[in-house]
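Chain lettering (A, B, C, D, E and F) follows the sequence in which the chains are written, and residue indices restart at 1 in each chain.
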């Protein structure tokens, strides 16, 4: 399935606000003092380490919003794997405006590429199974939509986008409802027909209760490999199975081999380091 | 110097937007279906790993914006070091609203605490010297003000906040100006009397040129320990000295021992993992 | 299932903007000229026709945002049926601010109550069946969240909230994909595990194709009663069935009696007349 | 008098917000999965019933904001009467973006056309008199400016736009002031020289009092045909006369024949059903 | 007629944005470093010159938005005349927050009081006539509503608030229409019944043409005293008369004595100097 | 040093909001009624008095935002001195949109040019010395960035832009800290390495204390010419010297001749009258 770009309408307010955050009340006082208005810059956007790129639309938009005269020529596209030293894009235009925009463009691109790269590494580790890597709601405040996109760019899939687009019953919900089955019943009676329900279970007993009442997906939280394997057998295709908890590059393969459909990972969006990307200017 | 909280006016728009991002168009459909309106929750905010806490004002504000009836009682304050298992705050109020807000509050708190903790670890590594850890403009888009605050909470100091509040002359500026001295002259002639100028130099020859024309601060970029030491001697107190490039917990002590005033580190804000913080609910 | 109020954070920006739209640049110049600052008003909010009330939180918030000193006392709650002449709320406070806010508060309340009332009437017409009335995306621009809420207040259920929270495959999608089955396959391969897929079919042949590949819900569009009945038999519980097209108070019972799960109706949100609600002032 | 389009600056924020409301956090997941990026759509915007069109600028802007590459060719203009089946516009461009925008564009267009059509029908019913149909402040929250425009497109005229651009003295104002004359006097003493004053009267005695002190316009509220006729005679051109209350297509002619200048109708904006308008795609 | 305060809803966004403009990304770094959190300040707001005060609600709101714990006690009210040295308000609360807010509060208050004071001086100069001083649309961008309020506080009246709430036909309109009468006719045929029309005339011939077709108000622009006097005679109460052009404290009395109803003055809002107001801190 | 234009991203929200403030809810009802859609206007922007122009980018943007078809041709640039009658720009396009935008464009331009002109006059008065004219934080709320730009256009320099980009220790800070030296020490210990510190001193004793502890700049407030001269000698190049208080065109030369580096003037931004600029239409 091809990666679909985010609507410009969705990313423009974010990019605009990020630029204003950096420009402050007086703009780029260093560059304004040094670069004459007619000075032209040519620069290549280059990967300084291997990984998967995501966020080029945001970077391109940053340059375009500052100065429509800047030409931003993509050489590779979001979702592509780059080796260290690979050229990602070529940028040319008024030096003043390229220099002023560079940091914001790279802040978006390197962060999203970091998420895409982590997702891709983890996906590769489970590629011999049917398991798919998914993200969580542990995203950076204000950046959820673009971080979820970065997960897709890295070959992962998305969990729900917010509290409103799917139901996820967690331990505290179960405690309040007085049981797994009752919790599922209450949600089923309340949500619309296009809302899926997933329930988080800590034990196989809870899983059995959930399957008894019927649910679209079950989140097997912090279970051992043995429990996961048994859980998958119990589910037997009646629900989507998702494993979570202590997922690392090392533990992922064994988790995936239990037969679960999905492995969800919070650190893809809350703790993945950036992918180092920089600009190489061509100074004569 | 005591940590000063950020003005509520500054953080409120961010917290409000983060809550709306999560609530979407229908709010917390799971919790709304399960928790009766009069159900009360009591929960403790607990550190799941050791580190330095930052962002409690944002977490508290998230709960207050959703429901002023939620009581958020601080047990420790921003900037404090917590051990694993330490209680950070006690929260009590309508279960519905506490459950709906939990994720956003933790997303802020764990991210900012991650930055504060990384800053504190690095600061500790150079505590035997006069060097101070500082952040950069490589921050998360839209969150710069609160991430800079988190660096302060961790015992670090802030570099400039944007392109407009201080001048930082980099390699491309020097290339355009035709030299370090000319670049400094152009900026000096342009900026106001309350704007400091820092110049990034790659070689000791550039440093000498900078000191010749006079500048408030020099950024010694990617220099060897030997060069740094020699640079500090050359500067001899005439400018603030800042080292950057390849700074890790391992390399920081040696860098600091060269006598530089500051060590700037991009990954504090672009790649520090979160500090794991969670809520423990008290279910009877 | 009890009606859950919308989060204040969601409705506040809408109510605030509606008040500013009415206050303009100079506020209520008539009332300001006539009512002395210390003049107190007592008024009852009264239904001028029978129906179901929805939107009291928005009305109350309008008064509170203009003047926190206004007391707004609910007598009945959202979702309740009122007879003509029934008192809905009692309002007391500075006459100036009550008079200035009245129109905006009533504009929200009468519109949302109109939607709730139409939903309730239609729901009553099918109450002898298992069919549930649902709304569509044909909502008033900028008011979708509160109009969907009004449908819930009237006893109806919600279809998807936007283009992003569920997949709905329509005729043009099928034409582009080259068939019902291929369209479903493409969407299944693309969306996350918590996204349900519904497909709109115009013929029983298309329905068969959809059931063959499997789908969560089918929208039987503009079918005859006979086709609907046959469709329900074919589906046989393997998918949720939804009927749409030419639904009126008169046609709804027969449609519902075909055994469909849902009946979706655009005019609930795009053409329902308001419920007439007014304020009766108590002038001594 | 020719219909003047609304300034783009006024409608752009509304259209942009409506698009974001529908796109949510992930955009059109159905269309993105099905339509390849290079798929082109050709579609005609067609009236499904007879009426007067209004809102084409908003529809066109919706498509342009989503994708400037979409060509939107007007065939008829706002204010024109269309028969059932008439083509309103031709749209061509990337299928993905046309399908994603369709609903929002139609939601604006069908709602405003509904208002224009109702206004036109009512205007036709009184065309044999000098009476003009006018709207009220009972508009949809956040959409007042565009709904008032739709009334103009239907051949009606606008009452005041808010609380601040004209004074309208109502029953409660009169009660507070202690009389019609005193109320008019207070307002006259307070407002600027370019603000007109209208007073709502329930009886001919009140009318006489108003005419005695002088006022630009009188609103004869809920009067019988006989009272209206007498009121017009009493006014004798000294003020603009406006009738309101229980105005329908059936009652309007008799009201108009009393000689009143204006007939104001709340349901034009609060309860007019939409005009059914759809898109016919040209699938090869 | 008593001065009516502006709705808080109208001024809050302006005050909030002004505070954010000053706080920037890090807040008041000077005060934060110096004043301990528990340091309390007591200060009096004092007029440093004679004039009329306006804007106290904005000043009070600035303090309240920054810190609800600050007590702001009014001693005199908007519209009052103060002598040099007079105390306007007493402020007490956390020193940190009072010091941080002081400048923004005074920037609003001194600017609006400057406008009110200029209006009051000019009004006094014509107090022996029936002429009233009015402002124009030459206001500070983004501050029109509060500057119009300041004119009212100074005893003046307001002209129209924007392009939409009244019609003002100027020289270029007349040139396009081909004459005064035709211009008035076009506008009369176009605007709603609650919109007044004023026409600007440069000659008595134009005035005659305007009176012939009838118009609510005439603006006698840049006429000599003799022409003004003759114009007033010609108008003879059939329209409101307004004089404009070269109005100063010196010329105003003679202009007013011609019998015009209004004298409009652009410099009240575009060039009036501030009224000097400061804070006197009580340091033990 | 050449004047650098403000980033379009910074000025666009301000210009857009100013246009909306004037257009209100219905746009320019006068022009819409009179000017046919195809009527073309040609107009010259002309200085009605001598001065320095600033704000042409905002004026041009106003026309462009309303109608991209309007051609705005600059004849002179920001920062240029114009004589009375000089042509500043030529504007051509749809008459309707030029007339609707004119006032907002001129409101920006005349206000900013007024500030630039006042700055230029004051700068000329001290041109025989090394002193530079600087502005303060006494700016118009919401317009600080563009007013600071206008000061630069007039040949002046900028003081700090807000509370956060430089530290300015004032009398109340000194009182709270208990002395000049302690205040400086507290700030030095708190702020980042790129933040300059300035201290305001009222006496030469305070100046001596400040110089003893070391500070980047001193503000000599309300000192006599003799004290200023002595202060400059005491400073002896160890800090930047700034004089403030009672600065007028008459007093400025003597203040400048004392040898101070800067003279700061609040009234440049809070009380400078506008520069009269108008549009001359070419009517055939």
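One rule holds for everything that comes next: a residue touches a chain if its C-beta (ideal position, glycine included) is under 8 Å from a C-beta of that chain, and two chains touch if they have at least 3 such contacts.
Model, not experiment: these values are computed from the prediction.
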item: Number of hops, chain A to chain E, where each hop joins two touching chains; value: 1
item: Mutual neighbours - chains that touch chain C and chain D alike; value: A, B, E, F
item: Chains in simultaneous contact with chain A and chain B; value: C, D, E, F
item: Selected interface, C-F versus A-F, where C-beta contact pairs are more numerous; value: A-F
item: Most distant chain from chain E by Cα centroid; value: A
item: CA centroid of chain B to CA centroid of chain C, Å; value: 44
item: Where chain B and chain F are represented by their mean Cα positions, the distance between them in whole Å; value: 33
item: Computed distance of Cα centres, chain F from chain E, in Å; value: 22
item: Set of chain B residues in contact with two or more other chains; value: 1, 21, 23-27, 32-33, 100, 144, 158, 161-162, 164-165, 168, 186, 189-190, 195
item: Graph class of chain-chain contacts, one of line, ring, star, complete, other; value: complete
item: Residues of chain E touching chain A in the complex; value: 21, 24-25
item: Partner chain D, residues of chain E touching it in the complex; value: 1, 132, 134, 157-161, 164-166, 186, 189-190, 192-196, 198, 216-217, 240, 242, 261-262
item: Chain C partner contacts - residues on chain E that touch it in the complex; value: 1-2, 4, 6-10, 144-145, 148, 158, 161-162, 165
item: Residues on chain C engaged by chain E in the complex (per definition of touch); value: 16, 19-20, 23-27, 32-33, 37, 65-66, 100
item: Sites on chain C touched by chain D in the complex; value: 14-15, 17-18, 21-35, 39, 41, 95, 99-100, 103-104, 106-108, 110-111, 114, 137-144, 161-165, 167-170, 172-173, 175-177, 183, 186-187, 189-191, 195, 267, 270-274, 281, 283
